[in-house]
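Each in structure tokens, the structures are laid out below.
Shared between the two complexes below is subunit A, which has subunit B as its partner in the first and subunit C in the second.
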Partner chain A sequence: MLNYAVKRLGLSVVIVSVAMLLLFSMIYLIPGDPAAVALGPRATEAMREALRIKMGLDKPVWIQFWNFFASAWQGDLGREVLSDRPVAQVVLEQLPYTLALIASGIIWSVAIGIPLGCWAAVRRSSFADRLVGVLSVAVIAVPSFVIAIYALLIFAVTLRWLPAIGAGEPGDPGSQIVHLILPSLAVGLGWVGYIARMVRASMLESLEASHIRTARAFGLPDRQITYQYALKIAILPTVTLLGVGIGQMLSSAVFAEIVFARPGVGKLVYDAILTRNYPLVTGAVLVTTVLFVLINLLADLIVGALDPRVRSGF
Partner chain B sequence: MSELEILDLSVSFATGGGDLQALNKVTFKVPEHRIVGIVGESGCGKSTLIDAILGLLADNGRIDGGEILFEGRDLTKLGAKELREIRGPRISTVFQDPMGALNPVFRVGRQMTNIQYRSGLSKREKARRAAEMLRRVRMPDPEAALSRYPHEFSGGMKQRIAIAMAMMMEPALLIADEPTTALDATLEAATIDLLLELQNQIGCSMLYVSHHMGVIAELCDEVVVMYAGEVVERGTTRQVFLKPRHPYTQRLIECDPARLAGRAEKLPTIPGDIPDLRARPSGCVFAARCSLREEVCGEPPPENVREGHMARCHRAAEN
Partner chain C sequence: MFAADSDAVGAFRRIFAEPLGGLGIVLVVAMIAGAVFADLLAGADPFRISPRDRFLDPSLDHLLGTDHLGRDLFSRVLHGGRIALSVALFSTAASLAIGIVLGLIAGFGPRWLDNILILLFDAIKSFPTVMLALALVTLFGPSLTAVIVVVVLVNVPGYARIIRTQTLALKSAEFVAAAESMGAGTARVLRVHILPNVIGPLLILASMDIPVVIAIEAGMSFLGLGVRPPTPSWGAILNDGFTAIRDTPWIAVAGGLPIILTTLGFTFLGETLRDVFDPRLRGRG
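This part shows the complex of A and B:
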């Protein structure tokens, strides 16, 4: 397992480096002078020149990339334009809000989606199974920002059950959790459907396997066969799907943060784009990329821990 | 006394193209401490018969009639819970596919202790019994094997684990569904010796299913020949192999690769296919492929029994 984890971690480092190269090329290829954009139209040529030298833009491109690359790996993402604070610090301040949002979205979708998928698989082609199928497809089909807006209108504005905006009082976990409910529902609801479909399909496949017949032939209890012998195999593709799907969840989080006026990386990027705060956009995108890669790494490690064949086959 | 007695068992599957009658009035006995072989081409209903005995027919399958008497009880009348009490401790099974028979994500030891859940032994005791059983099937380093996963074993070793699991239950009846089909000839011989040895030690009866005549001849006391879901011939191994009375059995013996070892370039096969089981022929099921076919074969053949040797053929009286 350790061997597998080390190899997989090495792969993650390579992926992040490639992502950095892509991100750097994108900034480099965007037409226009970053110094001019940063200083605005009223700056003099001398001021721009001074900023260009400060930002290292006068150096050859490969040196610029190396500087970007080396400082990013050390956690230095430059300074943001408006307040001159370190980008890394600004992004990391917002990160916990987004992490909490995504984590609770995942908790929703896993806590409802997995049992629902198993339940439907055990009752395949019954009315209940079809109903779960239709509902799953429905929640998958509705975009998460539509869910966010309707959830806001129904539960916060009309019924007044839950707060509409913000992330709750700092230092008050109760208030923060209450403020998380609607946004995380918006992020996670579609995933309830995905996971239910996925678990159902892989449960049906794994219940057909011949080792399940062996388990039945030894008279093992049905509950143990379904929830232990079959589910441990059926869960594997779902974990992988969640790891990859985290990218989509991150983009749902952007919408949820905007609709519910919550702090977070999504809201940060949105505001940074509106104010053309490019170093902040770059930094936030890079942090998000690292987050995505880390969650994928985690998903692969979980699959490795659950499936001995993956560990030895890597 | 018989351990298992099957009487007029009929099983059908509901399919898109109508009902498929997979077993038609199957009758035979497995006497105590005896090994009975079931032989027939693939698709003739051998696995369906086993599933029916175990109460594990697919969802679209149903028992249309007949009895499965085991230790004095008719298994077709038992509920799911009572059948589960029998599966494992009284009747245990070794399946055909050693590659897929074990759960890939649990250690062998865990799977072997899980099936002892009724025993009331401590976890330690269960593990000790599992290791002891692996030793009896000549698994090298049994203790270490318990903490390995199935994919770390070869096909032959996995089949040994499957046999150890079945024998650990000390069943009254062991069912083996083509346990050696996926193995090469050397492993096949070793596996058969192992089954015989354990069957002797435990003193159980055995129902051994194969499409391979040579294996049946070597292992079994009695033979049941099945064709298209029907028993076409039944007798002691000597009777069936020395004096086969049904043309299908005669063809099967001629086609056995072991008899032709080295000589034949191409395996002779019986020309033609098993009839469509959704529309059974009204007469003899084998008639369409039989070289001795006559007009009378359009009628259902009677059971012809001589000295306990049964053949379901119009011309059985001649031989």
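This part shows the complex of A and C:
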């Protein structure tokens, strides 16, 4: 297990480094002088030159990359252009909002997806099973930003049941939760479909297993067999699926934050692009990428710990 | 009688036999027809601004109502289909071409090149899609080019990996060794012996990715990072609807509905295609 964990961690470090290289080449290729963009049209040539030296832009490209690379690994992502605050600090301030949104999205998808998948698996090939199948495909197919807009339109604007914008009053958990309901539904609804499908497929497999047949032979109640014995095994692939899922939910969260005007990393990057605050853009993209890689690493390690076959395949 | 099942007509019949496959075909054909014959079907000019007619509800004159500039939404939706369809076709074709070449190189080339390519694919895949799109827009500016580059970057690693795996498996097959011993060069082996064997599953996967591509175009245009106004795109219409959501619900409905219907249509069709032609791919969706 340790061997597997070390190899898997090493791979993650390499992947993040290559991602940094790609991101750096992207910034480097942006047309125009970053110093001129940062200082605006009224700056003198001397001021621009001074900032260029301060930002290290006068050095050869490979030294610039090394500086970017070395400081990024130490958590220094540079300073943002507008308020001159450290990028890492600005991004980390916004991160909890995005994580809360994703976590609530997961709650939606697990709370609806797992029972739905079980329910369909037990009624295999019935009309109900087919209906769950079609609905799962449908919610997977429809993009989250359309779901977000329609949810806003129906529940906030037309019915006025739930608030339309913001993240709620600071220090008032009740209002914060109410403000989370619609955005997290938009983030999580597609994953209800993925999880229901996955749980259904693995439940069908585990319901055929011999220890389940034995339990049946002993006359245990169906409900106990399904939810206590079969589901326990069937839930494993869902963990890996969620590892990939969180990355996609991160994408949906960007849209949900913009549609519902919530604070968060997605809103931060979007606003930073509109104001050409490039250090903030690259910093936030880097942080979310590292987060994504870490979550996948964690999911792989959990599954590796639970299932020895995964470790040997590496 | 049974022979008919193996040709194209038979395949088509088998897709139609599945209720969802039939629905998928109907939705996809409707979307393509709407996009191709947009000028004939819509009547109204999608660009014509008419301030007196702003925010009209749906009526016989304007089937989906009008937007904040008084433009006919039905016409804009049909013309938006052209953008969605052409981006989907062009960028999928580009991703397939690049994916096939890189996959063959990784599978047939030297080991070190294979390792570098795999690492590169994994690194690209480690960016969440929207973050990649946002970062690339800083480079290209909001444009169709940016949309196409994002789609290609998102799709290529998956396609190349499939081609690579299949190529590795075929590399040591007897018929490939036979061709090589008869003096066939690498290019000929790849083109004549390997490619025809790996392309089938790839095309099915690509057809299943089309709704994702349409969603990326609509999503980027929704954020104002894709197609520039006043060009009609479903995402841009949805954004107009979002801005005016307290004035009228119809713009948002008009922008969202075609996105929902076409993604559903292509998904149902793709799933049926996969089940009919290559059930082994099940589970990768």
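The working rule: the second predicted complex is superposed on the first by the 271 of 314 C-alpha atoms of A that agree within 3 Å, B and C clash if a C-alpha of one lies under 4 Å from a C-alpha of the other, contacts with A are read in each partner's own complex, and residues count from 1 in each chain.
As a working rule, contacts are C-beta pairs under 8 Å (C-beta built on N, C-alpha and C of every residue); 3 or more make two chains touch, one makes a residue touch a chain.
Here the structure is a predicted model, which is why all the values come from computation and not from measurement.
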Touching partner for A:P279 - first (subunit B), second (subunit C), both, neither: neither
Subunit A: partner with more touched residues, subunit B or subunit C: C
First (subunit B), second (subunit C), both or neither touched by A:F255: second
Partner chain in contact with A:R213 - subunit B first, subunit C second, else both or neither: first
Subunit B versus subunit C as contact partner of A:G190, first or second or both or neither: neither
Touched partner set for A:T158, first subunit B, second subunit C, both or neither: second
Contacts of A:V18 with subunit B and subunit C, given as first, second, both or neither: second
First, second, both or neither for A:I233, with subunit B first and subunit C second: first
Which of subunit B and subunit C A:Q224 touches, first, second, both or neither: first
Overlap of subunit C and subunit B interfaces on subunit A (superposed complexes): none
Footprint of subunit C on subunit A - complex, ascending: 11, 14-16, 18-19, 21-23, 26-27, 29-30, 134, 137-138, 140-143, 145-146, 149-150, 152-153, 157-158, 201, 247-248, 250-251, 254-255, 258-259, 266, 269-270, 273, 278, 281-282, 284-285, 288-289, 292-293, 296
Partner subunit A, residues of subunit C touching it in the complex: 20, 119-120, 122-124, 126-132, 134-139, 211, 215, 218-219, 222-223, 225, 238, 241-242, 245-246, 249, 252-253, 255-256, 259-260, 263-264, 266-268, 271, 283
Residues of subunit A touching subunit B in the complex: 209-211, 213-221, 224, 229, 232-233, 306-309, 312
Complex interface listing, subunit B residues touching subunit A: 54, 56, 84-89, 92-93, 95, 97, 100-106, 114-115, 117-118, 149, 151-152, 162, 165, 169
